[in-house]
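What follows are several structures.
One chain, chain A, appears in both complexes that follow, with chain B as partner in the first and chain C in the second.
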Partner chain A sequence: MSGSIVVADRDHAPPGPARAPGARATRWRRGLVGWAFLTPLLAVNLLVVLGPSLATVYYSLTDWSGLGPATFVGLANYRKAFGDPDVREALWHNIIWLVLFLLVPTALGLLGAYLLGRVRKLQMVFRAIYFIPYITASVVNAAVWKMLLSPTSGVAYQLGQLGVPGVGDISFLGDPNLALYSVNFVVDWHFWGFTAVIYFAAMQGVDHDLYDAAEVDGAGSWQQFRAVTLPGIRPTLVFMWLMSIIWTLKAFDYIYIITGGGPGGASDVMATLMYRKAFSEYEAGYAASLGISMTILTALVLVGYQVLRRRGWET
Partner chain B sequence: MTATITAPPPVAAHRRSQRSRRERAGFGTVLVLVILALFAIGPVVVILFNAFKNNAQIGTNPLAPPTSFSLSNFSQAWTQGEFSTTMRNSAIICLGSVLGTTIISSLAAYALSHLKVPGGGAVLMYLFLGSALPVQMFVVPLFFLWIKLHLTDSLIGLIIIYWATDAPFATLLLRSFLVKIPKDYIEAARLDGASELQIATKVVLPLARPGVVTVALIVALWAWNEFFWAITFIHNPSLRPIATSFLAFQDQYSTNWGLTSAAALFMLGPVVLLFLFLQRRFVAGLTTGGVK
Partner chain C sequence: MSELSAQHSINRRGFLTGTGLAALGLALPGALAACGSSGGAGTPSGSAGGGSPSTGAGSTGGGSAGGGSVSTPVSTSEGGTGGGAGTPSGTVTLWMDIQGDANQKYFNDNVINAFHTAVPDVTVKVTYYKGQDLRQQIQTALQAKSGPDIVRGPAATQTIAWSNAGVLADLSGYATTYGWADKLDPWAVQAFTQSGKIFALPLRLDTMLVYYNKTLFDSKGWKTPTSRSELEALCADAAGAGILPMGGSNVDWKAASEWYMSIFFNEVAGPEAVYQALTGEIKFSDAAFVDSASLLQSYVEKGWFAGGANDYFSVPAAEVSARLGQGKTAMLPQGEWFMSQMGTYFGSAANNNNEWDWMPCWSLGDKAQYPTYPIGIGGSLAINQASTNKDAAAAFLNWYFTDRKAALQRMADVDATYNIPIPIKDGDLPSSIDPRAGRLITESNKAIDAGNYGYVTWTWWPPKSDVWVYQGFDQVLTKKITPKEYCQKLADTFDAEKSDGTIPQIIKRTSS
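Right, the complex of A and B next:
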């Protein structure tokens, strides 16, 4: 490779006849090398993600146990899913989960972030502490919360022992009316500190002149928060909500570990239901159709987000 | 989806807020901050307490600090939970995931930042969208494909899945470091006759070391904590990583809080210690990579 060719191929080289004759060859060669560099990534992705995803599309149209041959049945799985009361209940649980997951971590995260901005000395210490639940393993978090929520040794039991009435024998995870909310609470606990750190970083980027101006206008802390802070971090808020919706559709680990979807399906969501259909009830074809449905929901959310962005709603 | 990477750089968190200079933190502020902190690490503290207590002490009050420090829970948990085996498995999985993901994503990030690959934009878009894909989209056929390839109940089988699921994040994060490296360095190396592979490994990656370290750290953390793929693809107890074997252990000894807490500390200890030393890198990596 001669020096002149390389120079001619630089970013700012003018197009047309001024270009050295070998430039096109160099560019071509470099593109080829680039694709070679992308090959390991694309190959492993094709094997694990893309290939099986496309297979899911096919299997969702078949009656398949997972092991034997798959028989093509058209849209039968999807029709079955529409009428399946288990699917309806799981979807409803996803919606409850979403509402809580949008509200609780956001509220705690905004509160934490706002207060972090008001201290200096221990700012980094608090930030680190808030972040810890996000880096500890789901299996361990689930185990400790199982203990803390247990009716025979947990926090409520202890309060009952101390004489607080009516809380001593609450079975947070065993009561079908509470199980879903209890598991969601654990996930909110796992997650809120992460949002606090993100919101905190976003709040540091808000123009301080706006606060000064608001103060001159006589705005109190709460008014400043609503009129300056929240609009200032809106892109981050919207983005985190988008992610929360996507994470809600993926919600699996904590539910699977803590309640397994029980008692009696009371805390089942789409992901746990699908997992059971595929790996316990050997309805892999049906499970595939549930997986596709979840992906379509995710895609719709992403499209909606893009539309909102285009319309400038985000900023 | 570009917002993933353009999410506010966590570095901003280190910039001193002008507001805090103006206002002094009141008692109420500090009180709420402390309550939130107790909420966040209370459960971890309970684990720490219980690991040193015997069952009689836990029976009287499971939430109180220990009155004496007994290490018997630790030795018992270590042998009964077979932590020497599961820690070795997890160490292999972490190392394999970090090495593979770093290599795969470094090459890809270099191509996508400095090689002007035709169609590179489409690849970038695919990586963004791919990280939003629910695993439910591909887990079922993947499982049966892995059975055919004899990759279930195999550490390398699990590692390959981690390569595929972590590489998009790692590539995007590394690329955000690589695009900041001036073209002049690369042009100079090309003039010296270096091949693109040499430029990538000898010039560009050393310059992007903070990015590589962040990626390695996050991928290792994910591999250590990961649950879904491990429980689906590894059923042989002697091949289980620490996460799923802890779950089995905890199911077996669910009433013995002392023992399970000690086991939990084996799993938490390395992560929390590493986090305390490398807090900034963890936060920076996870707040940009939180898309997973």
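Right, the complex of A and C next:
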């Protein structure tokens, strides 16, 4: 029996007789039991999340190398961040990353999910194949793609050797104009299988009668997808977009492993910039201010999501 | 209904029992951790035994793998847990950045176990990390007053930042007790000395070399170039034959550009100019340094170096090295530490019949005489200020740096990996050493004695300037900034850091 039934019982129960004298004590005990179960997790979170978060807020207001004592400098780090061209460039890269990350995995995921729904045989095999990149360690994926994108031995080079024009000398990771998009391609490849499986699961929940009705009305596949499937999985779509935005703001691992933010900062995002400031340039205080700024941005996104949700945009 | 019943069925006794178990669950990890630390398994506190009775006299001398003598102090000037009195004993921890089973086995057998044989009362527990991760891990741990007892630190300028933060112990007392000044190259120790405090010991003598495919050179009748004109003639010749003159890449090591700039600063502007800039007599914005960056940029743009900027940023290092072994690349400027990997790309291991050798860096201007070796220190060993068993950690450092026979044997066993900066004369090295590795040690020592040395950026430049050397040059290669702007920002950054006192004591010019 699910927990929702408990809630339903409570919400829709008819007014009963006057409460027994022990009812308040029972409620209190129930609450206490709940808190008792929550306390360990809360304690851990207070220790590993709240503590470092408060420390980060403090250090963002200091000149701190990452070691030793910190000197309070007020909002100087934040003022510096506003005028820092590296920050502007990294933030712009985050925006590009966001747009691509919202569009490509979503489009591929929806397409994959839709096609999966049409497959009767070997459906599980396809789902597993789609999912494999997602469960493979990012370090492994990144190392493989570094080789595949090598200009002297990678896929494009081999195609060039076979006579395919215009691809043989492309340097996906070395060209500043391509590096960010190339890494994003790898991340999209890694991620789209996950979105496909999530959307596929959501599509299974869409009432099949709606498709039958649409078909009777003469709707084609595209019209069914647009008018039935998309509205049917809207909560999942919105949630995945929200998560994608949050993941975008903290994008780090693939970029760090594949290009390290290079060449010459061409694929730097805020997270890689923060890392470099903190651990290479001994500007941990400044890096903390960048981290807090990104947290504020993320919080604004969450607030926006909640506002839209309350207005019924999600359903 | 059943779920509701289940909720209601929790009575006071059940609740108290559950709460008690939860509390026990919370307390248990802490208790176990406390037990762990008091048991001394991997942490220094409980095992320190600082000031334990001297039972380790037998640990001195004669027992090391190399058969060398190791002195153990009767007392030290540094406080361990017990105030520093007594023979070192107990367990200390060390985090190292050695990768690969064979390399780790060598370190276990010839360093850790050999030390245990020489100093049985002290146990060193080593944990291996990936190279690029280690510095960050240690730095974070040091800040938390935790981490290993023996600190595998970066080069001097980075380690100064740790010392300034007060997380490294003062080794001066141990240096006096053990007489390190007589056993290590003084200039290398001075690089890790600030305001009279020795905060680390120099781990490896670094220099930049040019590896080359000897078989290819012989077949083409090429001589190893020594000057700019000879180098450029060879580059034109090689490029004309479809051979990449100089390999290079920053794909697997983002700081690789500083290797190349260390060569070009010293071989174009000259070591004297570098010395003057590092001591504040001239600026890094001077034309000599702009010319250095411009020359390297021009070699990249011509495709002589790395095959161009795009390849420099995208061809993995293993592929660059493999092409050297295959004869598709003629030369590879790299650090001496790379020598231990050369065998992977040549001969039967790489399915080719080619041989490799190395040459000193070319002199690229009239300000640098040939040969000039840009020298520095690759990493350091220090003691954690938070360590509760500094005496035992110092005993390990002492053995590592002063058991001369064991140290020389390690130099012979693994090419250019264990080259600690100690005075070495001709004939000191074991005959089993690869002649190319032996020549590196003797030639670089001779160069230092003769004053034919320059300065690598990762030892002598302050931290932010050092970072800018490679990050900024990457921007030069992507044409985001010009060489002049690059050098101007280097000068500005250096000036700002100079006033912070984060510049190590620099090895002086012998003529100055």
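Simple rule for what comes next: the second predicted complex is superposed on the first by the 272 of 315 C-alpha atoms of A that agree within 3 Å, B and C clash if a C-alpha of one lies under 4 Å from a C-alpha of the other, contacts with A are read in each partner's own complex, and residues count from 1 in each chain.
What we mean here is this: a contact is a pair of C-beta atoms (placed from the backbone, for glycine too) under 8 Å apart; a residue touches a chain by one contact, two chains touch by 3 or more.
Keep in mind the model is a prediction, meaning the values are calculated, not measured.
Engineer: Comparing chain B against chain C, which has contacts with more of the residues in chain A?
Structural biologist: B
Engineer: Check the residue A:Pro151 against both partner chains and state whether it touches chain B (first), chain C (second), both, or neither.
Structural biologist: second
Engineer: First (chain B), second (chain C), both or neither: which does A:Arg118 touch?
Structural biologist: first
Engineer: Applying the document's definition of touch, where does A:Arg30 land relative to chain B and chain C: first, second, both, or neither?
Structural biologist: Both partners, chain B and chain C.
Engineer: Would you sort A:Phe126 into first (chain B), second (chain C), both or neither based on which partner it touches?
Structural biologist: Once the two structures are laid over each other on A, A:Phe126 reaches chain B alone.
Engineer: Quick check for you: in the superposed arrangement, does A:Gly66 touch first (chain B), second (chain C), both or neither?
Structural biologist: both
Engineer: Which of the two partners, first being chain B and second being chain C, lies in contact with A:Leu173: first, second, both, or neither?
Structural biologist: Only chain C; A:Leu173 stays clear of chain B.
Engineer: Classify the contacts of A:Phe279 with the two partner chains as first (chain B alone), second (chain C alone), both, or neither.
Structural biologist: In the superposition, A:Phe279 contacts both chain B and chain C.
Engineer: After lining up the shared chain so the two structures overlap, which partner does A:Pro40 touch, if you call chain B first and chain C second: first, second, both or neither?
Structural biologist: both
Engineer: Name the residues of chain A shared by its contacts with chain B and its contacts with chain C.
Structural biologist: Comparing the two interfaces on chain A, one with chain B and one with chain C, the shared residues are 1, 3, 6, 30, 33, 37, 40, 66-67, 146-147, 153, 279.
Engineer: For chain A, which residues count as touching chain C in their complex?
Structural biologist: Within the complex, chain A contacts chain C at residues 1, 3, 5-6, 9, 26, 29-30, 32-33, 36-37, 39-40, 43, 65-69, 146-147, 149-153, 171-176, 179, 259-260, 262-266, 276, 279-282.
Engineer: What does chain B use to touch chain A in their complex?
Structural biologist: So the residues of chain B in touch with chain A come to 1, 3, 7-10, 12-13, 15-21, 23, 25, 29-30, 32-33, 36-37, 39-41, 43-44, 46-47, 58, 61-63, 103-105, 107-108, 110-112, 115-118, 120, 123, 129-130, 132-145, 160-161, 163-165, 167-168, 171, 183, 187, 190-191, 193, 196, 200, 221, 224-225, 227-228, 231-232, 243-244, 246-247, 250, 254, 257, 260-261, 264, 267-268, 271-272, 275-276, 279, 282-283, 286-287, 290-291.
Engineer: Residues of chain C touching chain A in their complex?
Structural biologist: It is residues 1-4, 7-8, 10, 12, 15, 18-19, 22, 25-26, 135-136, 139, 142-143, 161-162, 164-167, 250-251, 254, 307, 309-316, 319, 323, 463-464, 467, 471, 474-478, 480 of chain C that touch chain A.
Engineer: Where on chain A does chain B make contact in their complex?
Structural biologist: It is residues 1, 3, 6-7, 10-11, 27, 30-31, 33-35, 37-38, 40-42, 44-45, 47-49, 51-53, 55-56, 59, 66-67, 108, 111-112, 115-120, 122-124, 126-141, 143-148, 153-155, 158, 189, 193-194, 196-198, 200-202, 204-205, 208, 211, 235-236, 239, 243, 246, 249-250, 252-253, 256-257, 270-271, 274-275, 278-279, 284, 287-288, 290-292, 294-295, 298, 302 of chain A that touch chain B.
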